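First subunit A sits with subunit B, and in the next complex the same chain sits with subunit C.
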Partner chain A sequence: MTAPDDLARDAPPQRTRGFMLEWRAMTARTYVRIVGSLREPAWIFTDAVLPSLGMCSYVLMYRALGAPRSYEAVAVVGGILSAFWLNVLWGMGAQLYWEKQQGQLQLYFAAPCSRMAILTGMALGGVLTTTLRSIVGVSLGLWVFHVRVTAVDVGALALVFVITMTALYALGMTLSSLFLLYGREAWHVCNALTEPVYFVSGLFFPIRALGTLGYVSAALVPLALGLDALRQVLLHGAARGLLPLPIEIGGLFVFAVAFLFLARFALERLEALSKHEGRLTLRSQ
Partner chain B sequence: MRTFVTRLRSATWLGWQLDSNWTDPFLFLVYTVLRPLATGLILAGIFWAVGSRARTPEAFAGFWLANAFHNFVNQALVGMGYAVVEEREEYETLKFVVVSPVGMFTYLAGRAVVKLAMAVIGVVMLLAIGAWLLHLRWPATGAHLGPLALTLALGVAATVSSGFLVAGLGLSMPRAAINVNEGIMVGLYLLCGVIFPIDLLPRALQNVSLALPFTYWYEALRRFTLGHGASARLGAWSDGTLLAALAASTLAFVLLGRYGYLALERRARRLGRLDQTTLF
Partner chain C sequence: MSHPAQHPAAVETEALRRTFKASKRAAAEGPAEIEALAGVDLRIERGEVFGLLGPNGAGKTTCIKILTTLLYPTGGVARVAGFDVVREAQEVRRRIALVSGGEASGYGILTVRECLWLFSQLYGVPSRDAWPRVDRLIDIVDLKPQRHTRINRLSTGQRQRMNFARGFVSDPDVLFLDEPTLGMDVTAARSLRGFVAEWVRERAGRTVLLTTHYMAEAEELCDRVAIIDRGRVLACDSVPALRRQVQGGQHVELELRRADPRLLEGDALAGLKPAWGAEHPDRGTRTVKFRLPTDTPLVRVLRALEERGVQVEGVATRETSLEDVFIAVVGRALDERTP
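== the complex of A and B ==
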């Protein structure tokens, strides 16, 4: 005879399906990203302090050139956004490469949930932790460089921030799927996408200074458009914006939707290609 | 000596393979120049943005010049730190290098040779871009080629010596090695006044800056190439005093690099950290 308690214990666990499964996978990955980042104090220094130190050099360069103070505010906003771009590259784009190197990538593919739920969780966790860490840059801007921000429309700021982050992290999800194929190249591609993207996005200067190249960048790189929009909300005329704010918000919305679809498509295609070429779990290529 | 040269040549060849064989030569060349080019273009973007509103635009040439030579620091100095990270964490081959006849010190010297060559490519390209795109002139009227050659030699010696120190830190601090490398790269860019005079730093940081050979290196490069430096504080020094400060700080870093590295390597061995992987 089997006792009722034993029967209950041996019964198959109730399976979570559909939306609830994806939701739980996403929140679980968000939790891991947040808790994991807090457990490594050295990375807090790298993610929070270093981008701000880089920003200081550019602010002091404006000062050395005798430029109007409003340019320093432009560089400070760029410095704060640089932390998010680094997180998109190294925390999203290269994440599946790290997982492959650690021998954990196969667990992602064996899990019952979709990869998009896992990537969305990583993105949410990345935005939250980087937002917390950007406090260092904000503090430097306000109390060390005395950047003045007046009469900010909080609603517009929230809208532009959310839509910029969606576009950026959707791009990160696309990159992460591309890096499924890569070995050492993933590291080099992330390196190659740092300073060049800073330049074409006008991270430390108004993108309008690039002339036609600035318009081309705004049409291709979400960081360029999002940064310009955030500067316009925060600094108004001193931002020396590229396009009217509503147009930039519309462009960011298009970026967000397009990259989310692209990420989903690329993930499916490149997962199949990686399996076909036997690279999915191949370390140290 | 002949043994050292043979081992150095082997280490250099291996370093070249490690750095470059992940792609074809053309793409590798593009990759090598992409980052330094972009950092230069960011400065150009700032210059274009400010335009006629700058009160002291003549300072820009000095910033561009120092930023170009800072490529040595990014490539060679920090690159030697990353060589340790790659060998230990990514390829897990550091232990084999340690027990090989080449040894870690000569191996790192070989890696440095490759990275210095890559840095030279970046510097030459940045100087050429500056001349072509921004009409900057090198060397300008008033340049002193003799002291400039001495300055270059001292700067390269300081770079490689500091690279050994960074590599030693990487050996003894496995978990934080990447953070140390990144911190040094950004920290030196700020502390040594690459793109602004150190006079703009708070006084305490200026004193830290004056303990580093690269501060004198960038100032001397500006002075002997363009005929003027950037810092009012260092501008009061004669050419001889500036060169003496560069030579003295370089000598200190050469000694620190040599003996500091060996001490750090011994420490890493004693603590069992030589092949301790923490990332992958």
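== the complex of A and C ==
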């Protein structure tokens, strides 16, 4: 090491409070996600190309069966959202568990910024990087399978996308605390939630095909509702939507608000419990 | 937000207690609760470097976890910079930083510069201030050639130095260093100590609470030291004052063959309170340390050992060190775990 320099004599750096503190913490955590995604090109293959193979199978199957072309578009939209669902589970749900294992969680808990700012940063980074990766699915759909979408209302598409992402990632924020509280073996829970949610959300087929189960899952799983709403915006009547679009948007809004509150509550509960019991945030305990 | 007194202590604890529930297996064989802190009273003034010394399991880390708002106490009060660690945790967090030795914090995908910047953001340091500060800290910890290296490619020692630098990115009022030089090479650790001493000296009010296993580190850095064992503070004073408390007699270190602890019992050896040190399997010996009262000649001890068939391979006497103080106060060496 070099000899101590003038740093010790410098005036202390400014330490912002309030909104700016939360903003800096959030953007810094977002930065980690984005940089992480860009520095590991292999992840594009594992997180974007591989999940798209399932989508390709369904498109080819519908084509082989001579199903209407809209079914291919249904599968492509499902394939794109599957990347987000995987990110919600593995990139959000299991994240606090990994942070704890790395010894990072206690540093977050000892810092003055709020934990919600950290989780929001993780979510924003997840949305941004997964959106970039979903370009692979969109490209396959448009240029390889020549999927057609009807004239798209960009405003409605943006609204449905944003509100679906908010609902999904707020669910991920909730899961991240719950996994740490109740499921140390977080990856088993992630695995258990992958395929069943794909099924009840109608990832590769119109959810209407599930009948009553479709309505139940729309009421419980934001992915199901978001998927159906996105298909309705992109494909209109050909999407064979479950509920009228405004109702689905309203439902997604309720999901988003409810999960954001739930995430905050779960996080506060996690922190209180960890301080009472002396575990959860500390790797060694 | 409440306002602390005009000149509060940097750290203050009153009858601080913390118990943990024992695991089911441990509870079946012993008490249902483990008392990690059993009423700790401390007052650390602003501008002090304060050392907390104790064997493994003594309660040092529990104390630091409470003071850094990571753990609730089960009794008593703890204040940092005048703020209560339970009721005013947010105010405490604005003023502190924590560095734990041996931790592997930071995201492997980030470079050293980015990782330190990330932590500065959690404390709200604007980037225009944070980046130059990060660069200077990187210089200080001698990581300039690695500043653009991903941290998962750093050696353990390099990562340790980066963690040390992390503690200073926000220039905290109170810095908690929990075994900060663990795993560091001697030169780096010495330089680190130099920086800590200068950092505290250069501005009134900066305070460091240090736990360490290295007695020399505590002697070199700390204005005062508290010796803690089984959750209780057994002694608390400056190092010279602690030395004076145990002076009177020589400090003797013997290397013994056939070093059965029972052989050291008996009249001639009574009252020595020997502390067993490391074994030397290659030589078949073990070290034992004790303070020899002024009225007991060393030769009498050596003769008594000879009569018991214990072979003395080496004898050393020296000045009172902090380690001697520790042994005198705790009754065993620092590397011996709390029974």
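Rule of thumb we're sticking to: the second predicted complex is superposed on the first by the 258 of 285 C-alpha atoms of A that agree within 3 Å, B and C clash if a C-alpha of one lies under 4 Å from a C-alpha of the other, contacts with A are read in each partner's own complex, and residues count from 1 in each chain.
Here is the rule we use: a residue touches a chain if its C-beta (ideal position, glycine included) is under 8 Å from a C-beta of that chain, and two chains touch if they have at least 3 such contacts.
Note that the structure is a prediction, hence the values are computed from the model and not measured.
Let me test your reading of the model: by the given contact rule, A:Ala111 touches which partner, first (subunit B), second (subunit C), both or neither?
In the superposition, A:Ala111 touches subunit C alone.
Under the stated touch criterion, which partner chain does A:Tyr31 make contact with: subunit B (first), subunit C (second), both, or neither?
In the superposition, A:Tyr31 contacts subunit C only.
Tell me the contact category for A:Ser57 with respect to subunit B and subunit C: first, second, both or neither.
After superposition on chain A, A:Ser57 lies in contact with subunit B alone.
In the overlaid three-chain picture, which partner chain does A:Phe45 touch, first (subunit B) or second (subunit C), both, or neither?
A:Phe45 contacts subunit B only, not subunit C.
Thinking of the overlay built on chain A, is A:Gln102 touched by subunit B (first), by subunit C (second), by both, or by neither?
both
Intersection of subunit A residues contacting subunit B with those contacting subunit C?
102
Residue numbers of subunit C touching subunit A in their complex, please.
18, 20-21, 62, 65, 68-72, 90, 93-94, 96-98, 100, 103-107, 109-110, 114, 117-127, 129-130, 133, 136-137, 139-142, 150, 161, 168, 170-171, 187-188, 191-192, 194-195, 198-199, 201-203
Spell out the residues on subunit A that touch subunit B in their complex, using ranges where they run on.
Residues 42-43, 45-46, 50, 53-54, 56-58, 60-68, 71, 74, 98, 101-102, 183-185, 188, 191-192, 194-196, 198-199, 202-206, 208-210, 240, 283-284 of subunit A touch subunit B in their complex.
Which residues of subunit B touch subunit A in the complex?
Those in contact with subunit A are residues 22-23, 31, 34-35, 37-39, 41-43, 45-50, 53-57, 59-60, 63, 90-92, 175-176, 178-179, 182-183, 186-187, 189-190, 194-197, 200-201, 230, 279-280.
Under the touch definition given earlier, write down the residues of subunit A that touch subunit C in their complex.
Touching subunit C from subunit A are residues 1-5, 7-10, 12-17, 20-21, 24-25, 27-29, 31-32, 35-36, 39-40, 102-104, 106-113, 118, 274-278, 281-282.
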